[in-house]
Amino acid sequence: MSENKNATLLENGLRLDGRDLHELRPISMKTGVLDRADGSCYLKWGNNKILCAVYGPRELHPKHLAQPDRAIVRVEYRLATFSVNERKSPAPRRREYELSKIITESLNHILFLEKFPNGTIDVFITVLDADGGTRCAALTAASLGLADAGIPMKGLVTGCAVGKVEDKIVVDLSDVEDKDGQGDMPVAMVYNTGEITLLQCDGKFTAEEITEGLKLAKEAIGKIYQMQRRALLAKYSQIAESYDEDEEEE
Amino acid sequence: MRSEEIVGSLERRYLTDLLQKGKRIDNRGFFEGRSIQIIPNVIHKAEGSAMVKWGNTVVVAGVKTSVGPPFPDTPNQGVITVNLELSPISSPTFESGPPGPDAIEMARVVDRGIRESHVIPMMHPQMCIIPGKLVWILFVDIYILDDGGNLIDASALAAMAALANTRINKVKINEETEEPILLEEMDPLPREGSVVSLTYVKIDDFILYDPSLAEDRAKIARFSVGIADDGMICSMQKGESGVFSEEEIITILEKATSRAKELNKIIDESSFLNEGEMFQFDF
Amino acid sequence: MRSEEIVGSLERRYLTDLLQKGKRIDNRGFFEGRSIQIIPNVIHKAEGSAMVKWGNTVVVAGVKTSVGPPFPDTPNQGVITVNLELSPISSPTFESGPPGPDAIEMARVVDRGIRESHVIPMMHPQMCIIPGKLVWILFVDIYILDDGGNLIDASALAAMAALANTRINKVKINEETEEPILLEEMDPLPREGSVVSLTYVKIDDFILYDPSLAEDRAKIARFSVGIADDGMICSMQKGESGVFSEEEIITILEKATSRAKELNKIIDESSFLNEGEMFQFDF
Amino acid sequence: MSENKNATLLENGLRLDGRDLHELRPISMKTGVLDRADGSCYLKWGNNKILCAVYGPRELHPKHLAQPDRAIVRVEYRLATFSVNERKSPAPRRREYELSKIITESLNHILFLEKFPNGTIDVFITVLDADGGTRCAALTAASLGLADAGIPMKGLVTGCAVGKVEDKIVVDLSDVEDKDGQGDMPVAMVYNTGEITLLQCDGKFTAEEITEGLKLAKEAIGKIYQMQRRALLAKYSQIAESYDEDEEEE
Amino acid sequence: MSENKNATLLENGLRLDGRDLHELRPISMKTGVLDRADGSCYLKWGNNKILCAVYGPRELHPKHLAQPDRAIVRVEYRLATFSVNERKSPAPRRREYELSKIITESLNHILFLEKFPNGTIDVFITVLDADGGTRCAALTAASLGLADAGIPMKGLVTGCAVGKVEDKIVVDLSDVEDKDGQGDMPVAMVYNTGEITLLQCDGKFTAEEITEGLKLAKEAIGKIYQMQRRALLAKYSQIAESYDEDEEEE
Amino acid sequence: MRSEEIVGSLERRYLTDLLQKGKRIDNRGFFEGRSIQIIPNVIHKAEGSAMVKWGNTVVVAGVKTSVGPPFPDTPNQGVITVNLELSPISSPTFESGPPGPDAIEMARVVDRGIRESHVIPMMHPQMCIIPGKLVWILFVDIYILDDGGNLIDASALAAMAALANTRINKVKINEETEEPILLEEMDPLPREGSVVSLTYVKIDDFILYDPSLAEDRAKIARFSVGIADDGMICSMQKGESGVFSEEEIITILEKATSRAKELNKIIDESSFLNEGEMFQFDF
């Protein structure tokens, strides 16, 4: 968060992009977008564009990494070199390693890994265009990619960042609010159970603001979870449709 | 590995049997290309970009611009760098990590087409901000997103289309300090024409244009040629352990020259489209 | 690996049985911390340093200062970089080599606490030597020397204590050349308050503060919070595959806020100690 | 190729080094120059100096790379740090990886790899002094190194670049012609069968110029192929001579 | 060594830090300082601060490095980034690789490696604060760390550098004498047998000066060896004490 | 590995049996060196170079020169860097990749001999173009081409011989811009004398000069000493797990001092040879 307090981020109670304090940016998501992957998801969230591919459960190489009692999950969160203001070097940065780790841990929670001893589930996420909140968007997409691959899951995990702007807690921080605001707080949950699988913050918050942020995050996550469900239903209804077509052809 | 190899050998035999009957696996003619869609300006954060769906192959290219020192032996020229990543997103057989020889070769073939055709005129006065000190540096980064075969041609097209909509900042010189200031306002990147890549593969004794994924796997030799919109051959690259005869190369160059005319048109059409949206793709 | 895992599962069961009886393996209360010793200025060659013994955990942090260019978007601000090495000295399970994801995460959590609390005010005029050209660059390097659990809190404390005794050279500007000269004489690094990290782990359904090594191994979830001396929460980091409820997080934040007051006092006390000698440690 | 059209590369129909358009530079080659390698070749071509060592067929480590039905070929083409105008970093550049790959593919064609299951044939090439046309020279040397190692081959592979200078197709491009000319076109063939194993170009050529280039390359390759044969014969005649000497001694 | 001959390093026959020519700096050492390591030693020598951890003999991974007839020794000598004047990058430098190698070779000599086939003994040394003579200090500490781990040894190895300052041979070169003096000569021996396990020099010495240096080094090594023995005895007397305490408690 | 080790142990016994009879495997005396040939100026693209055939060992060293900033603590001195590559060309046991500890040690031993003898006077005015800003930087790169034993001495000789024929550009200062211009014309690199390396190995209790490959493999200890043409000892390096007594070291230094005189002569002879041609070698 910036030490610079001069940036104006709210005007007449609205945010620079015209949103209300608690309003999400436009979000759309689609599964099954890739031919070669076992599962995939393409997600747009504001100007974020994120592509996720899932492979597995499959055999793990090198074998000495395999766990005899469960599958492991390997997640790679990467920023495309051109997805950010200054071209990023192709080699992953420390931030990308950290986010890969916490996304892995979040996904671990919803998977029945013990069903696939010695196996691996590989999740590759590329942020093609970055606009603030990529980790929550990436996790939301990965969750759908896993479902699209038909991997058994306890539930979907869904993410949304809240933040602090001019002493107000706002939902779904934009790129500029992340940069010039007072605090960022990414949250991910299994919406139905309220289990928090990812939680971070940076900035300056009181305990009350964190509590408010968690409440607002949960509401937003509820909305995004419904979009995830619709995206999965869309896939199955497409499958059903093509099944009908098959019948007609007969 | 082992079971993949057995499949590979069965697949090769199946393809060869078809080819002997004059057929390809997707019913195309031997020199017929697949359908192509281009969405320009697909990445907001990039100064130029394009996504290409070429048959089942999906590729995105982004151009980032920055200013920096020129190479000592070309003090007035801009600099261009092409990278390509065989992202593990695009195929179960690709692994993450620094580019291996396959990705390096593809990037260099795409790079040579752009460089040797001079479609981006590096000596153009706009490319040089302060002679010997500060020039435009272009990073063209290509990500393979779905591997449906013929990655070189799809990548070359995405790179060319991304360059075609790339913008660079206008520059003002601060009169006091003599230092340059990049303005918000932007100009199109100088460009003179276009260049495309055309790839032919050999399976058994058959030569085919625009290999699908199965054909890419079964090929014994590959030949890619870069041709500019003025019909000049700017790059050639033979690949794989199989061989070609002189006659085969000459035949390919004839076929390629005529196909290149169509392809070079696509680029100029795409550069005048409005900013596209990825979901127009049904990928 | 196998035999370690069996031990791990037995250890976890043993700890859980104890916890159900309201006990921890070292007889601490669930929210009771271990003893802490700090030796400031322990490294002669560093511009700031501290060694921390936190329970059985030993950590050393050193600060090296240098001058260099600022980041383009913060032309008047100093630069701080935090690195952490899980030295193979500190545990039979750590290997040498570049930092892996665990060390990277720890370094970044410590970094965020320092950065977001603004305890080292990067915009302070003393941090900038020539605006846009030359600022102070601080490298905070943390080495884990003995892993007795709760590495994040011990590392954050060592880093904070090292910064609290860091000195930077006075600077004079050469009037002729307008170039800065670093003088031998030194000033304390500007500092405004302090920040500490507080880590809680979950084993079964129990939440514990300041995990010992065995508890660190048995945890299913981890939650670290950075709190400044003004009571503000500057960083949070949930780790591992287990989960927390909203209520659990709110309870932890309450406990942490009160514990943070004590911890933030320790730092200011340590910064007024005379230069310590390592052998005062009975480690 | 340079955008700069001002460089003069031809004077009175001759090239800057006095050669005719179709004339090769002086070339010499010698096999069996290294003690420790199974096969080796030292080749001078103009001011190019290239050393090649061949090991194998030998067991392949790590074993998981081994192919149960054939040997693999591993080629490393490297420029010595001091072989070029500006000192090269010791780490291989992208160009060196590409050339290693296409030289490997060329050599693959002439080897009976199925005779050596699970094995490897390792070819190490170091360009000690670089003067234009190193890839063709390296491939020509590697081919001799393999023969020197006694590895069964379908034929020798031979390389030579042609190029375009002041609108003329010339044979065996020099360093300066490569840099300031209009185009470079490296070619390698199995001379006896006319099979093209390597073909690249960069610059601007018409299809007719490519056709002419292929014809000229084949002629040049024929001459170089004769030198390769003589180099191999020299080795065997030396062996024969020492055999004679042995007899005399008896 | 510096080409600069102007630095004054001796005044009234004493060195800048007040020492006689043949005087050691203050040295202290303690074993068993780390909980997690099998053996450990913390050593202060002037302003040098060195920490050494020993693990093993333990199983060696990866297995293909294992020797069927003996254990291998792996030593890592590292400078902490903040231990030197200019911050060192965390990646090891060439100097650190060289010193790790010669320390390994020195330790090899005193270990009964054939007792532990397929095993490894791992020695990690971190120089926390560097003040000249770190390699000899590190070797001295490593030797104690091995003894602390209870690994059977033929003897202790002990190191001390001598050097040349204003044409005099001096013992235990300080940081500034190393930098501005005429020569540095690190020596390590098994004191009881006089076997030289490590010997290097840089600077300009006559053969006679080397001979004198070896003699002086041996004397200094004798003193340091006595400190090593006392440090080990301190450990065993502590153990004996706590044994006594146990008895008292009974 | 296994079969190599068995050979190694048989070879060692065979060599030891010979040595006990006072013989070496190639019939040399214990302190007799092998034949040496030097071809100076063997690389056109290098500013200095030499190829050395030392017994069966072949080594090439090349010197590239460039200009760049000095180290901050030696603002008027040139910079020299020595690298050495155990090229896989030279032995079936060497692998490609970044230098391992063996190659690093060899490079540093060669470097120390050159640096400490001051044969290339880094403080010479010719080495400094603009004090504090621009000095000559020399890269000495050594490639082992055929490993016939005693790589250190052969490498040191190749490096020394390459430096002896190295040239650096004359420099003119542009009066207007005060920037230096490198002229085409060249001067010899400043040089004051020469330095050589002499390596002795111990097999069983025998000490031998200039080990052949088999002796290198069988050695239990190695001792290399660098001696300048003025007879001063500039570097020593003991290697391997075996040991020497004080008396052995003193004996070796006596032998080495006398042999060094002969070797230092070779370098000055080679530096006056005409540019050689590699095929003069019958290697």
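Chains: A, B, C, D, E and F, in written order; residue numbering restarts at 1 for each.
Everything below uses one rule, namely that contacts are C-beta pairs under 8 Å (C-beta built on N, C-alpha and C of every residue); 3 or more make two chains touch, one makes a residue touch a chain.
Everything numeric in this text was worked out from a predicted model, so none of it was measured.
Chemist: Compute the shortest path length in steps from subunit C to subunit D over the network of touching chains.
Modeler: Minimum step count, subunit C to subunit D: 3.
Chemist: From the centre of subunit B, which chain's CA centre is farthest?
Modeler: E
Chemist: What chain is the most remote from subunit A, judged by the mean position of CA atoms in each chain?
Modeler: That would be chain F.
Chemist: For subunit A versus subunit C, what separation do you get between their C-alpha means, in angstrom?
Modeler: Averaging C-alpha atoms per chain gives centres 29 Å apart.
Chemist: On a C-alpha centroid basis, what's the spacing between subunit B and subunit C, in Å?
Modeler: Each chain's C-alpha centroid was found; their separation is 48 Å.
Chemist: Once you find the CA centre of subunit D and the CA centre of subunit F, what distance in Å lies between them?
Modeler: 31
Chemist: Start at subunit B, step over to subunit D, and keep going round the ring; give me the chains in the order you meet them.
Modeler: In ring order from subunit B, with subunit D immediately after, the list is B, D, F, E, C, A.
Chemist: In their shared complex, at which residues does subunit E touch subunit F?
Modeler: 1, 3-4, 68, 94-95, 97-98, 100-102, 105-106, 108-109, 183, 185, 190, 194-207, 210-211, 214-215, 218
Chemist: Note which residues of subunit D are touching subunit F in the complex, please.
Modeler: For subunit D paired with subunit F, touching residues are 28, 30, 33-38, 40, 42, 44, 47, 49, 51-53, 55, 58, 76, 78, 80-87, 90-91, 122, 124, 126, 128-131.
Chemist: Can you check the complex and tell me which residues of subunit B touch subunit A?
Modeler: 42-46, 49, 56, 58, 60, 62-64, 66, 83, 85, 87-92, 96, 98-99, 139, 141, 143, 145-148, 278-279, 283
Chemist: For the complex, which residues does subunit F have touching subunit E?
Modeler: Within the complex, subunit F contacts subunit E at residues 2, 77, 101-102, 104-105, 107-108, 112, 115-118, 121-123, 223, 228, 231-246, 249-250, 253-254, 257.
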